[in-house]
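Each chain gets a letter, A, B, C and D, in the order it is written, and its residues are counted from 1.
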Amino acid sequence: MDKNKTFNLSKTGLTRRTALKGLAAGAGLAMAPGFVRYSQAQSSAPIKIGFQSHRTGIGAAYGRWYEKTTAAAVKAINAAGGINGRQVEVIIEDDGTDPGRGAEVVGKFATQHKTDIVFGTLFSHVVIGSAPAAGENKMPYFVVSEGHHVASTKLNRYVFQPGITDVKSQIQSMAPWIAANAGKKVTQIFPDFAFGYDHRDYLPPALKAQGAEVIAQIAIPPTESSFTKYFPQIPAETEVIYHVMVGPAVLTFVKELGEFYGSNRPQLFGFMDSLEAVDINSPGLEFLDGSHFWEGSPRYAQADDSAAQKAYRAAVGIDDNGAAVGDPKDVSTASHMFGCWETLYVVKKAMEDAGYKGPEDRAKLVEATEALTAFAEGPEHPQGPKTFNGKIHQCFGIQNISKVEGGKLKVVHKTKIEDGLYEAEGDYTKQAL
Amino acid sequence: MSEASPAKAYALHLGIIALLFVLSFVLPEYYHGLLARIMVLAVFAMGYNMLFGYVGLLSLGHAMFFGAGLYGAGLAIIQLGWGVPAAFIAGIACGAVLSLIIGLLALRTTGVAFMIVTMMFAQVFYLLILYFANWTGGDQGQVVPQPARVLDFGATALDLTNPTVRYMTALALFSFVLLVTLAIVRSRYGRVLVGIRENEERTKMLGYDTFSNKLMAVVVSGTICAASGAAYALLFGYVGSSFASVQYSILPLLWVLLGGAATTIGPLIGTVFMYYVIDVTSGYTSAYLLIVGIALILLVLFFPKGILGTIRQRWLGWLP
Amino acid sequence: MTPLLTTKDLSRNFGGLRAVDTVDFTLMPGEIRAVIGPNGAGKTTFVSLVSGRIQPSSGAIVFDGADITSQPAYIRVRQGIAYTFQITSVFANLSAYDNVALPVQRTLSDGRSKGAVRAGVMSALERTGLADRANMPAGQLSYGHQRLLEVAMGLALKPRLLILDEPTQGLADSEIDNFIALVRDIAKGATVLLIEHNMPVVMQLADRITVFNAGKILAEGTPEAIRENAAVQEAYLGTAP
Amino acid sequence: MHFGPHLLLAALEGLVTSAVLALTALGLSLVFGVMRVVNVAHGEFFMLGAVLAWAISTAISGHPALGFLAALVIAPLIVGAIALVAERLVLRRLNYNPEATIVATIGMLYIIQQLALSFYGPEARPVEPPFSYRILLPWFGYSGYKLSIIAASALLLTATWLVLTRTKVGLIMRATQYDSETAQAFGIAVGRVYGGVFALGAMLAAIAAVLIVPISQAHYLMGQDPLLLSFIVVIIGGLGSLRGTVVAAVLIGLSDGIISMFFSPTLAKIIATLLVAMVLVFRPQGLFGTASR
């Protein structure tokens, strides 16, 4: 897949289309064998989904798994007859995990590839940087980012996040369990940038509502590669360390925490974002044994996994340990990538509701998406049931709390959707289309 | 620089502006949008070239000037609710003030120390954006709302999010800065700057206050870069810290070196070239940075003075 | 008549070395003054102090009645002290025209018209015989022409005091004759301070000669007087008469 | 935690940073001092060292110390060889022109980074430390391996110093640094010296990376911070001054940690960066160097 910009799994597996970049997308299409007949008949032409992928830059570890999950979902959708009877084709452009390039890529999808939608962005700054381009091009933009940006209603009417719960909701739904099971005095350690600020801002009120409190907040600059010097700021009476670190330095963080505390440590509660794509059995992570993590979708296969979850894992190609089948060292980003799968099924549903025919129906697609209210657990939504708030373009689902036990993550608690609901901050549907 | 052929030079520059104008009507949609962006960033490169090409001062911190314009204009709209013209001026003013302060400090150093000092000031600027995240939006950045990006003239309104308006606005800014650059370069002041680049000690002994002249150049350069940043915020609707990161300090250097330092049109050519290489190669392989890297090395091996610099050296000596 | 330039107790140390040692020096307007002395006598350091390229360790410099000791070099140039470099220091990558245009454009008071610059530049180039090479890059001129270009740049500053640091070094004999005529011509409008090793040139040009040795002024007088001065002969010419 | 122990911890952490930084910066300083080349790809040689350390240590089974020691020897050699090839193929042909080499090394940066991404991948991967002994202090625990990094770095720096000051190779390098034309006139093969210096500079970065990778993980974008910090150290320390480089590295390593005790970390970074910038502004020749040429 690496060398190919497009893939159409239902037809010939990976369709090689390297000779693209005709001035018009139509010309490019005509050059590729196997696509000629589509240009005659609009009704059977594939639905084109522009996938804004982090192939290079800081997000590259996520981008690869997002691509894998997307490929699996598209394969499944196409095998079942596609969307509105049309096959789905995914066109990938790398955004370099850069907001400037991200906006250019959205423009490229809109004006050169002429895709029907743009999809798949993870990193928040790329989402926010690309959102204006999506709005101006009137291009429905389905992100899988978990940031609170969409639900904040600061973006625009064309941006949706229907496949993964936003971080504000995630944090809020963790509070009851932490207060009841881990401890009442919580010290937070988080990166000193926007992703960390969500945790900084949303956890204290949520804990307070549960009778617990945040006694210290330690923000760590994003450029930091060593953390020990911050640990003395952790108050001695801390019962729970709530940690959420991202980026390549996170292993160091855990190891140094281990060296600092040894076996005599407070409870640990972390967000899986820290260890996505990282083997939980890496040297130095023994320290995490017995600690708890938020997980979006469980990395390890659980005893009570639904049939849908099992089918999803098989389709994406991850084994019981959440690593690539055949390569146990290639650990997936299970907590987030399910969002790609589910988002594509939301797109499918909305397109079918809207009777979507082509780019001229994009406004109808937006309205049809906004009209959605709930997604039932099942093959299309293997992570669990969700509700969808069309006014803020955001879905809300259940969250998992898992314990590290014997080198695996075992789900010990599932939150309720209601735990994560909050007051809407605005209403996109009042904006013009 | 010589007195010869001013007409030729002006004709060439007006021709390029005319070409860009015509391109607006013939380019396919995608390249039309891309070129608007390139023109705005070429202004950034031209501002950089002012200092690097003509005065010989290699700064690794120009992202802060671009960022000053970007945030000056963007935050004026987002936080203060100002209109587009006021925001644009605010962005430029931020760049002018910042470049004056930075110039006063950094010009006490020369050579590599100047590189490092400018880089460090830019790093401070970048960290300040993160530190005041409540205001700036930090690393995630913020969207400049689409309804605010309209130039209201009472009777008519120019919507900066409209592709044609955006292209023409970018072209207007680009043309203005191009002609200003040309005028500066051909002026007596431009000759003094080149004198400083070639031999500062000698220029001083001809009675020039080289510090003031360099300071002036830093301010002009920083202000042009800020104009580019302000235009970027207004035309493309996003302000974010990545535009103030060290990468955006290296990019204009790269564009200028590719196109040809100390040529007026080189920055545009370098920017177009770099964008084109990335756009084309990223279509073939995700390892496009590899190709970009190889292209850079080949270019510097075989076109050591940049594309236009080499052309000037070999064929067209009159190019400004 | 007030002197154009005086220095009082002027000294400059480099580390432990006293390159210029409590020099009292006076230069009258309209003079052609030659400064001679063995290598390392402090001649170039002395004129560098006068032009402001380096700062004195102690002492004072007065130019046209005003104390300029603490003024930066470019201000002194603007007041009329022009310095041509001992080691040729033209802008090698710029044309001869641009080399001269830089000083010309600064001295123009009327300002804006391009014609004024062009006229000023061509006049300076013509006086030095370089007019037909105006568009050549200075670095491609012959060495002798580069020396002349230096002088042209100095001339273009319209100086009241022109300091020439070893201007004939490396020139051919034929060029030297032209050069002597040029300096005489310049001296009609400016005072000339000349560091020179070539004794025939000095003897032909100088109104008075100042002899430096070991950072101090050893002797001063007319060419004839210096020629007769035994101390000079011993220190500088190295032989007793 | 009380002030004393906190300060001790900050100092220890600062010293580890300094130790690695000193080695990396020394490599940059040599290249910069002797060749006058601003090597923007220096951080990528650092990254390559870390990535190769991962590859070598995972290829060798048995006690982790075996793999680590192998990496410590082999990784720098490979990186040095790559640097040598790059120097021969590119920098030499550019005649070490300052501006051209900046572009060329930016090109190298892209190439090395992309190759690492393609062949090594985007993940951060850990390397097991050769030993994991936790030193238990009354107030907190501390990694024994980290302390050994300080020792190893001191050893390597001393060795480099001895080579530079006491051997013929060092003399030749210093002569070339002082005046390459005269050195050439005295029969020194300046071209070969340059090749060797460039390789040596890259190797020092690689060694630093191998030392740090058991506590920090290999990642294909890890080269940027060491590059920026090294630049700062080299300039603050003064060009070509080994003593200055080491002192500057210690100063910067310590100041970062200690200032962060009193301010919020981002503010601490702002203050530390401003302080260093001001030192440069008001003492541009660095703290120890003679005026730069």
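Simple rule for what comes next: a residue touches a chain if its C-beta (ideal position, glycine included) is under 8 Å from a C-beta of that chain, and two chains touch if they have at least 3 such contacts.
Because the structure is predicted, anything quoted here is derived from the model rather than measured.
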Number of steps on the shortest touching-chain route linking chain A and chain C: 2
Closest chain to global C-alpha mean, per-chain Cα centroids: B
Geometric centre distance via CA averages, chain D-chain B, whole Å: 33
Chain A and chain D: spacing of chain centres that average the CA atoms, whole Å: 37
Whole-Å separation of chain centres (CA-atom averages), chain C against chain D: 50
Sequence positions of chain A contacting 2 or more other chains: 56, 192, 221
Residue numbers of chain C (touch at least two other chains): none
Multi-chain contact residues (two or more partners), chain D: 114, 117, 264, 266, 269
Graph class of chain-chain contacts, one of line, ring, star, complete, other: other
Pairs of chains found to touch, sorted by chain label: A-B, A-D, B-C, B-D
Sites on chain A touched by chain D in the complex: 56-58, 60-61, 63-64, 192, 219-221, 223-226, 228-233, 236, 247-252, 255-256, 259-262, 277-278, 282-284, 331
Parts of chain B lying in touch with chain C, wherever the complex brings them together: 1-4, 188, 191-192, 194-195, 198-199, 201-210
Chain D residues within the chain B interface of the complex: 32, 38, 40, 90, 93-94, 97, 99-100, 102-104, 106-111, 113-115, 117-118, 224, 228, 231-232, 235, 239, 264, 266-267, 269-270, 273-274, 276-278, 280-282, 284, 286, 292
Residues of chain C touching chain B in the complex: 51, 53, 72-74, 77-78, 82-83, 85, 89-95, 97-98, 101-103, 105-107, 114, 117-118, 135, 153, 157
Sites on chain B touched by chain A in the complex: 28-34, 37, 127, 130, 133, 137-144, 146, 161, 236-238, 240-243, 279-280, 282-286, 288-289
